[in-house]
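The same chain A turns up in both complexes below, where it pairs with chain B and then with chain C.
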Partner chain A sequence: MSGADSAAALKARFGAAVTRVWESCGDTIVHVAGVRAHEILAWLRDDPTQRFDYLTDITCVDYRDIERPLEVCYQLRSLARKSDLRVKIELDKAQPLEVDSVYDLWKGADWVEREAFDMFGVAFRGHPDLRRILMWETFAEGYPLRKDFPLRGRFTRAEQTRQALGVNPEAHYSFEELGIAETWADLPADVQARLARGERGKVG
Partner chain B sequence: MGLNQPAAADDSTEISAASSNVLLTRLSELVNWGRTRSLWPMPFGTACCAIEFMATAASRFDLARFGMERQAFSPRQADVLICAGRLPYKLAPVIRRIWDQMPQPKWAISMGACASSGGIFDTYAMVQGIDTIIPVDVYVPGCPPRPEGLLYAIMLLQKKIAGERLSDTELRREQIVGPDGLFLPPARIDELAEPFGNSVHQTRSA
Partner chain C sequence: MSTRTVEYRLTTPGLDAKGNVVQVPLGVPRTLDPDDDLHDEHMLINIGPQHPATHGVLRLVVELDGERVVKVIPHVGYLHSGFEKLGEYRHYNQIIPLTDRTDYLSPLSNNVCLALAAERLMGLEITERCRVLRVIACELSRIISHLVWIGTTGIDIGAFTPFLWTFQQRERVYNLVEAWTGARMTTSITRVGGMMADIPEGWEDSLREFCRTFPKVLVEVDTMFTRNAIWCGRNQGVGTISAEEAINYSLSGPMLRASGVAFDVRKDKPYLGYERYDFDVPVGQHGDCYDRYLCRMEEMYQSVRILEQALAELKPGPLNVDDHRVILPPKSRTMTDMEAMIHHFKQVMDGVPAPVGEAYVSIENPKGELGYYFVSDGTAKPVRWRIRPPSFINLASLPHLCEGALLSDVIAINASVDIVMGEIDR
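Then we have the complex of A and B:
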């Protein structure tokens, strides 16, 4: 069963929720309605004829044409069937950019959804830990890969330098991330105090 | 003349032996002579320049010839910080912290186009020259510079150190950051970081 067959099966099962099916460079691309996307992706993962067990990537596309919606792309792979499928959701830029997280379907969605949030500002509902992953957490200039983002950023270089130097590099990782939560009692008092303050630098 | 018999006293021999053990110099020149020949580098390698740095340190170019036998991977035991590669804003507080941790006397080499000016990365994420973060002594052009380029920069730095004076306290002054966390005035940073070359064709609002 190829990608095109998966698209036909989706069309048969979900009908109007599948808004467009097309092919580009040999890849099958399926546009689905955002409200039913999670349900459709869950079916693609679990249905015995589909078995898309591997989430290759989640990313977004922002087009130069400001009328065009922002697209969230899910690149799926069935390791067992050696088949690929790309699922796209279109998000109206006038509305809040929100989709359901697929972290509950593929655990690997954790970081790629954080990256999409970091770069495009798409909020993934139900994500366990949605915060920036590439840019530092106090980065206040917006979402860099949006087409309306100026290449050099929104602030002056002096302001960017000031904000970057305001970050405390030692507090960059929380102690939960470092996996030392269980050793809390063994930590020195000054380290405990620093972690308790949750220093992350300051903005403004 | 028997071997166990002392040589006959000869005044001229004594005088020449004594004079060959005396060296007249200035203290600063002696200290600088020592410093130039025992620079311990702290490699801050972030990109492809670090590969060239490794080549410089390896046997063919042999950084050890310049007294840089020991790479100090701890800033506490380093003399010269070599920033080899581009520096994103995310690393700016890190290199600032490493620079602050290095004891005096200390020097910095900015290796390559990206560390010196941001290079081709005139973007929101990249520091436009590490001299907006830490003071730099020698800049090495190139993308990346060849090992000879880095060696030449080290020789230039040695020349610079040889000309320093111990009485000049200004040289060893720590670059204390102001209340805004910067050691340069904001206008100076904007000036250092302004676009040049092909970058001038970009506009801030594009």
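Then we have the complex of A and C:
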């Protein structure tokens, strides 16, 4: 059973939720509606004829054409059947970029979803720990892999250096970590205030 | 949890008072008893980013109950260079130097994967000689990557000597790589549709000599480690992950196979004609650090087997595809022939356009499944270049692997994941 057969089975089962099926360079690509994506991915994982038990990758594509929607791509694999399938969700950039997390289906989604959030600003609903991963948490310039993000960043070199030098050593720990060490209460009031003011935490 | 009860006879047997050979029971399963809690304040330990056992700029924040790990929070991104963004501003051939710098412990196979992905996108069929040379490049990089892994893991666990042996062998491979590519780490050996250079004269004999003598060093490392009581004690039953979990965590490469899942991209989705080579894929049973070590050791022997077969298959013939829209014409012709000069100019200035479409190509890298995903809008620069980084996805399982382990196990487990920060942070 090849990727094309899986696509046909999806079309038969979910009908209009499967918006487009096409092939490129031997890969089968299925576009599905964002609202039903989690249900479809869960079916692909659990259905005995499909068994896409391995999540190879999650990533996003932002096209140079600013009119085109941003895509979230799930690269799936069935280890038993040695078959691959790419499932895509299109997100309208005028709306909030949100999809359901598939962390409950594949634990491997943890870091790749965090990276997609970090680089494209796509919020994965239900992800247990959606934080920036490659960029630092106080990074305030936006989402680097979007096409509207300039190659050298939004801030000037001077501003980037000023921010890097101005970071508090305490800010390298998250609230959660400081809570574990029970040191939050021991911090001086001015440090607490600086941390709470947004040395870290909220981004974007 | 592993339930191995095998007793290992020491390689250099000690004798007890009655003159009997001492046998060491190993792999005592460690269980985390919920009543084990010391009911004291938990301690927070920061390891890295500047720490020799984190293999680069990885930072681990470890919550400890006594010596028992409650939670590990990895922090990555200190080496983030934005390669994927940079790739969107470059022609396909210009991306190849970036791939050297992602997994810098196996640059050759990264080059190969990028060329394969771009060729799939453009629908190019490479020549037979190029295919064999790329297999040689892939297997050489598997050997050097695993040699670094064994050496540094040995140091993490307290064995210094094998590090010197493995790095000496790695140096031999680097000499071969240098003779072929002119560089030791930043090789950039492939081009879309071919190779940057053919192997120099006499290179095959040097490689044959390496294949003949290298396994002897592996045997020495094997003697030092495989039945070494400390090595077994530090690795067996540590960082265990079951087959179902390994699949669920999207592990790949030796991490996946050590858990008993026989998936190898070379066997299951063959590329470069790997289906014609006779080699075995080692699969573990226990999914612990020790089985990951065994898998990687065996993979090096198998790589030597593949190298020997590839050398036998290597026949004279054209190296690059015969298409001067893709491959630069020889410099001598560029200077004398108008058409060749135009091809040269077009390629250097405009690059090679790829048709509209997208391709995901994965290869079995030393660290796991490396995938390059290209999206093209018909221009010479990709819209999106995604790296599926094997060690990034493998490292994501670290908090799970370390649950209930000891602090010293964190070092062994982290070493067994075989990470390279250039690839994790990209």
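Heads up, the rule we're going with is that the second predicted complex is superposed on the first by the 165 of 204 C-alpha atoms of A that agree within 3 Å, B and C clash if a C-alpha of one lies under 4 Å from a C-alpha of the other, contacts with A are read in each partner's own complex, and residues count from 1 in each chain.
The definition used in the following text is that a residue touches a chain if its C-beta (ideal position, glycine included) is under 8 Å from a C-beta of that chain, and two chains touch if they have at least 3 such contacts.
What you are looking at is a predicted structure, and each value in this text was computed from that prediction instead of being measured.
Novice: After lining up the shared chain so the two structures overlap, which partner does A:Y103 touch, if you call chain B first and chain C second: first, second, both or neither?
Specialist: Neither partner.
Novice: Mind working out whether A:D27 is in touch with chain B, chain C, both or neither, as first, second, both or neither?
Specialist: second
Novice: Which holds for A:T161: it touches chain B only (first), chain C only (second), both, or neither?
Specialist: Only chain B is touched by A:T161; chain C is not.
Novice: Please work out whether A:P144 is in contact with chain B alone, chain C alone, both, or neither, and reply first, second, both or neither.
Specialist: It touches chain B and chain C both.
Novice: Using the superposition on chain A described above, determine whether A:T59 touches chain B (first), chain C (second), both, or neither.
Specialist: second
Novice: Tell me which partner A:I133 touches in the superposition: chain B (first), chain C (second), both or neither.
Specialist: After superposing on A, A:I133 lies in contact with chain C but is clear of chain B.
Novice: Decide which partner touches more residues of chain A, taking chain B and chain C as the two options.
Specialist: C
Novice: Residues of chain A that sit at the chain B interface in one complex and at the chain C interface in the other, please.
Specialist: 135-136, 144, 149, 151
Novice: Enumerate the contact residues on chain A facing chain C in the complex.
Specialist: Its residues touching chain C are 24-27, 29, 53-57, 59, 61-65, 73, 75, 79, 82, 84, 86, 106-112, 115, 119, 132-136, 144-145, 149, 151, 173-174, 176-177, 180-183.
Novice: Once bound in the complex, which stretches of chain A touch chain B?
Specialist: Answer in residue numbers: 135-136, 141, 144, 149-153, 156-169, 201.
Novice: Report the residues of chain C in contact with chain A in the complex, numbered from low to high.
Specialist: So the residues of chain C in touch with chain A come to 41-44, 61, 63, 71, 73, 76-77, 80, 82, 84-86, 89, 120-121, 123, 245, 247-251, 261, 263, 268-269, 357-360, 362, 369, 371, 373, 375, 377, 383-384, 386, 388, 392-393, 395-397, 400, 425-426.
Novice: For the complex, which residues does chain B have touching chain A?
Specialist: 89-90, 92-94, 96-97, 122-125, 127-128, 132-133, 177, 180-182, 186-187, 189-190, 192-195, 202-206
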